[in-house]
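In what follows, chain A forms one complex with chain B and a second complex with chain C.
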Partner chain A sequence: MANSSPSTGRFAQVALGLALVAALAAVPLVAPRAVTQDLFGILTLLVLAMNWNMLAGFAGLVSVGQQAFVGIGAYFMFAAVILWGMDPLVGVLIGGLAAMVFAVPMAFFAFRLHGAYFAIGTWVVADIARLLAGQWKALGGGTGTSLPKGTTKDMFGVQWVKDVLDVSSAAAADAVTYWLALVMAVAMLVASYVFLRSRMGLGLQAIRDNMQAARSVGVDPTRLKAAVFLLTAFGTGLCGALIFIQITRVTPDAAFSVLDWTAFVIFVVVIGGIGTLPGPIVGVIVFYILQRLLADYGTVYLIVLGLIGIAIMLFARRGLWGLFTDRTGIDPFPLRHRPPAAPKS
Partner chain B sequence: MIWLDTLVQGILLGGLYALFAAGLSLVFGIMRLVNLAHGDLIVLGAYLILGVMHVTGLHPFVAVLIAAPVMFGLGWLLQTHVLNRVLGDDILPPLLVTFGLSVVIQNGLLESFSANSQKLTAGAIEAQSVQLGPISMGVMPLLTLASAVGVIFLLNQLFYRTALGRAFRATSDDATTAQLMGISPSRVFAMATGIALVVATVAAMYLGTRANFDPSIGPARLLYAFEAVIIGGLGSLWGTLAGGIVIGVAQALGAAVNPEWQILSGHIAFVLVLLLRPRGLFPRAND
Partner chain C sequence: MTGAEMPILSLSSVSKSFGALKVTDDVSFELAKGEALGIIGPNGAGKSTLFNLIAGNLRPDQGSVFLDGKDVTRETAMQRCSSGIGRSFQIPQPFGHLTVYENLLVAARFGGSVGAGEAPALCMDILARTGLAAQADKVSGGLPLLQRKRLELARAMATRPRVILLDEIAGGLTEGECHELVATIRQIHAEGTAIIWIEHVLHALNSVVERLMVLNFGKMLMIGKPDEVMAAREVREIYLGIEA
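Let's look at the complex of A and B:
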């Protein structure tokens, strides 16, 4: 690293990143459907994790209520398809917007609370959303409902993919949702990087490191945090809606599950490295390997996951990625700004 | 008259929630530690009592006396070896460690005892009730409320009348100065968590004798308990009792209108109280 100039290093990284994305995009063309579905699960978990990392790791908002946005995204996508007769992909967008709209009153309530109160407050609001979803009788109330048969077959783009690739419509639908998940993950990564390198991102990190000092130089903490809260609600809602196109069935308990949509996500971020950009990526890979290795032992992987999470918090607070950068000094996603050169005297 | 009955049942239910919350309130008040594993520790306590009953054949009211010291030891060890290491200005590490603990306990219980519901059988007392004018009250709910009041009274005595209580208050107000006065915060914290788990064991006994339990019910209990603590105000134990009763009454009223609204009404009461009084009803300490 020391020998190459920053620009060639940068170029090599971008090229490597593009190659990786291209390889991932080609998966539905070459791999069996099971692989595509597995990767879809990983990519959506990654999107959820990047959103939570943005909230907790950068904005200091430790939310335990992200399942509210996943559930609302899912429910409004179902409403768009079943009640309003729209395309599921339009439904995904509506799901994301609905989650963001819900985040506004939620923010007015939760932003009055700090630290631990904020965590519990968001959890309670998410539980309220779950209970309200159970009262939505048009979508099955407490027992939930399924997408009508053939919905994904008629989804935008599926027929085209089916014709071009010459596959079954189920496989084509898998491919379309998978590509959307990939687009979301890449967009989220790029957007996070650009945002954190921007003035706003710098302000955010300044608030996290020292609230008083940040305010004194003109950073408005509430405005910035509210912006991050709303944007991550949108991202989480979009992702939730997309996940439930693949699941095709929604119930209040599944859509608003604190374990699936918040606990896993928190572990992924903590293990990978909270407050670092590549942390969620590392965490998702570790999570997936654990789940695979321990697949035959029931919930043992959850116990192992919990223990690793505890160990990380005790011994390496910045997670596996933090350990890696500390040991090697390599950081492909530097968020630090170099101080201006000292004036020559 | 039915409303009066609902109100009384709600207050009695509030006693149970106050018991869930008392240990949490103690720990939260002294060291600002948000123990997300508290609900699962209560469930663990219930399984421990079940185990003691199974081995010795004792009544739950007696078995709890054997389980409580074990839970005290567990709390002491947990605080000394794990939680003390993550306390600090940053609230994230303790939050995440106790979250991890919650998942570990929940799934550990699931692996060992399966998802089947269990119950602690207390015999004839479960079905007994007393008639007070037009209102009939179960003996078990009455005992629960009485225990909640008793536990909170004892904790307050401990807090305001003993040397240990003075150490608790001093450490809560200013840990650094307390240390200069010869108090070891880490030992004080270990005592506090130990005591909190003893209270959790008492709560576990009532949880298990009054209804079925299984490994997955911890987080919901945690949520009710936290609502009670926050409504009551940080550091106020009588406030926690009041908070428990607010949640209990709200749930009972909601359930009387529509059984599906029970939990929802409790949550909405919590949100309303916090909107009006963000620091709870009777805050003692400054956060």
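Let's look at the complex of A and C:
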């Protein structure tokens, strides 16, 4: 395994990764719109999954209230466009920031709770956010509202893509949102890796393993967890806002759906491998294949998903990726800090 | 600054109760800079509780803890670690998914405030001194108990403490291993680190410490030179179970 020099292996990995990203980036140029839209769905689910994995898998914060941030991101993006006349892409940024701001009071309450109580607490706070969104009369209250016609056509970059690729405005808008989703997914992956390899990431892993001992070696658990909670709220909010540019219609029930934005996300992370960086990527691919295979079977689809989730939790705690690394020893994102001079054995 | 006279650590009338049980009862003592103090006492005498009070894992009900003359009673375990109190746990508490080396790296980077550049060398040096160099790359959760105990000592050292609290780290060692451990602790002591060491292995303890404290039912029964304390009738009665 260790025959080739590590830097050669590293180079090959980076090259492979870049090739994969380039291939994904080329999809809107060569594939039909339906494929681009499908992949947009997969990439945004991946971003949500990577955020939840950071939160639950690495910071030990098992939140069932991430739909709050998707919903707030979506609602503030709509507010930015409809009420404040901004570009939807600026709205995405505002959506992310709004989600992060909301995460401050949410953390204030939820951080008093631990384990299962934290999970339920976040769910309750998310539902309060859903009810509040239903009171936002300017955005349609309980029935929600749609983006004005032509909003996405005027979106930043769409006209340019339309001219260059010579496609319809709608296809150009799909391409722009798709590329943004791809950028978010890559950025999230890289940022997670850099964060986990940093001093903060090391502290986070220590907290996960033993809170009391972590405190006694000078790690501040509350500060680190709060940092992860706020940052993942930002990432989740950004992603939520982007998803709803593509959907073009927002209602409280859709934007704050615990099933769509948290339950499926948890499923993806658990089958892929919670607490591993590539886990969400594996999970999202498996999820997509299952969805395709079982699409015609209605509720049976959800039952099968549930059974697979239970089986993985019982027999492969660290998911499919965990199984794979345990068997092969291959890990393209090593989080380990190696000692400077490894002792010969 | 009063210089040499200022104790590095002092406890003033510290008490702690768990319900009706008084586990620490009005304990006061001072630890001079660079001094080594041993603590003995029967099981349940409140030795580990006293460590939890000093290190900030517990808050006292009454009394105060001073580090370098500064009242740290209200400070958290994390703050006290950064101020210079390092500790080991009686029941080893490794970061089980991290390697031995990473366990030390966390301690050095956070509690020890060591920069990314110097931390690796510091950690490797401590691993070599504590006989864990060959285990550096092993996941700590899978270590046998003796090596976990060594890891407790090594990790506490990596926080670069001015006072190090060692909680029963010599139990179950062979003669040779115990000898190595004593040599390591002597070296820490020689470098000027103050030590408080709870230990049942008396010959190891008494070969290092300058003073010995006896705890019984949460009360400080005696404190003084090891041979004088060991010779005292009440210590022999209570601690060694010898009827006089």
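The rule we apply is simple: the second predicted complex is superposed on the first by the 337 of 345 C-alpha atoms of A that agree within 3 Å, B and C clash if a C-alpha of one lies under 4 Å from a C-alpha of the other, contacts with A are read in each partner's own complex, and residues count from 1 in each chain.
Going forward, a residue touches a chain if its C-beta (ideal position, glycine included) is under 8 Å from a C-beta of that chain, and two chains touch if they have at least 3 such contacts.
What you are looking at is a predicted structure, and each value in this text was computed from that prediction instead of being measured.
Trainee: Does chain A have more residues touched by chain B or by chain C?
Mentor: Counting contacted residues of chain A, the larger count belongs to B.
Trainee: A:267 contacts which: chain B (first), chain C (second), both, neither?
Mentor: first
Trainee: Is A:216 touching the first partner chain B, the second partner chain C, both, or neither of them?
Mentor: A:216: touches chain C, not chain B.
Trainee: Let me test your reading of the model: by the given contact rule, A:313 touches which partner, first (chain B), second (chain C), both or neither?
Mentor: A:313 sits against chain B, while chain C stays out of touch.
Trainee: Applying the document's definition of touch, where does A:294 land relative to chain B and chain C: first, second, both, or neither?
Mentor: So A:294 meets neither chain B nor chain C here.
Trainee: What residues of chain B sit close enough to touch chain A in their complex?
Mentor: Those in contact with chain A are residues 28, 32, 34, 36, 82, 85-86, 91-93, 95-97, 99-104, 107-108, 110-111, 219, 223, 226-227, 230, 260, 263-264, 267-268, 270-271, 274-275, 278, 287.
Trainee: Which residues of chain A touch chain B once you look at their complex with the stated criterion?
Mentor: 56, 62, 64, 109, 112-117, 119-121, 123-125, 127-128, 131-132, 134-135, 142, 258-259, 263, 266-267, 270, 274, 298-300, 302-303, 305-307, 309-310, 313-314, 317
Trainee: Would you tell me which residues of chain A are touching chain C in their complex?
Mentor: Chain A reaches chain C through residues 199, 202-203, 205-206, 208-210, 212-220, 336-343, 345.
Trainee: For the complex, give me every residue of chain C touching chain A.
Mentor: Listed in rising order, the residues of chain C that touch chain A are 55, 57, 76-78, 81-82, 86-87, 89, 93-99, 101-103, 105-107, 109-113, 116, 120-121, 123-124, 127, 133-134, 136-137, 155, 158-159.
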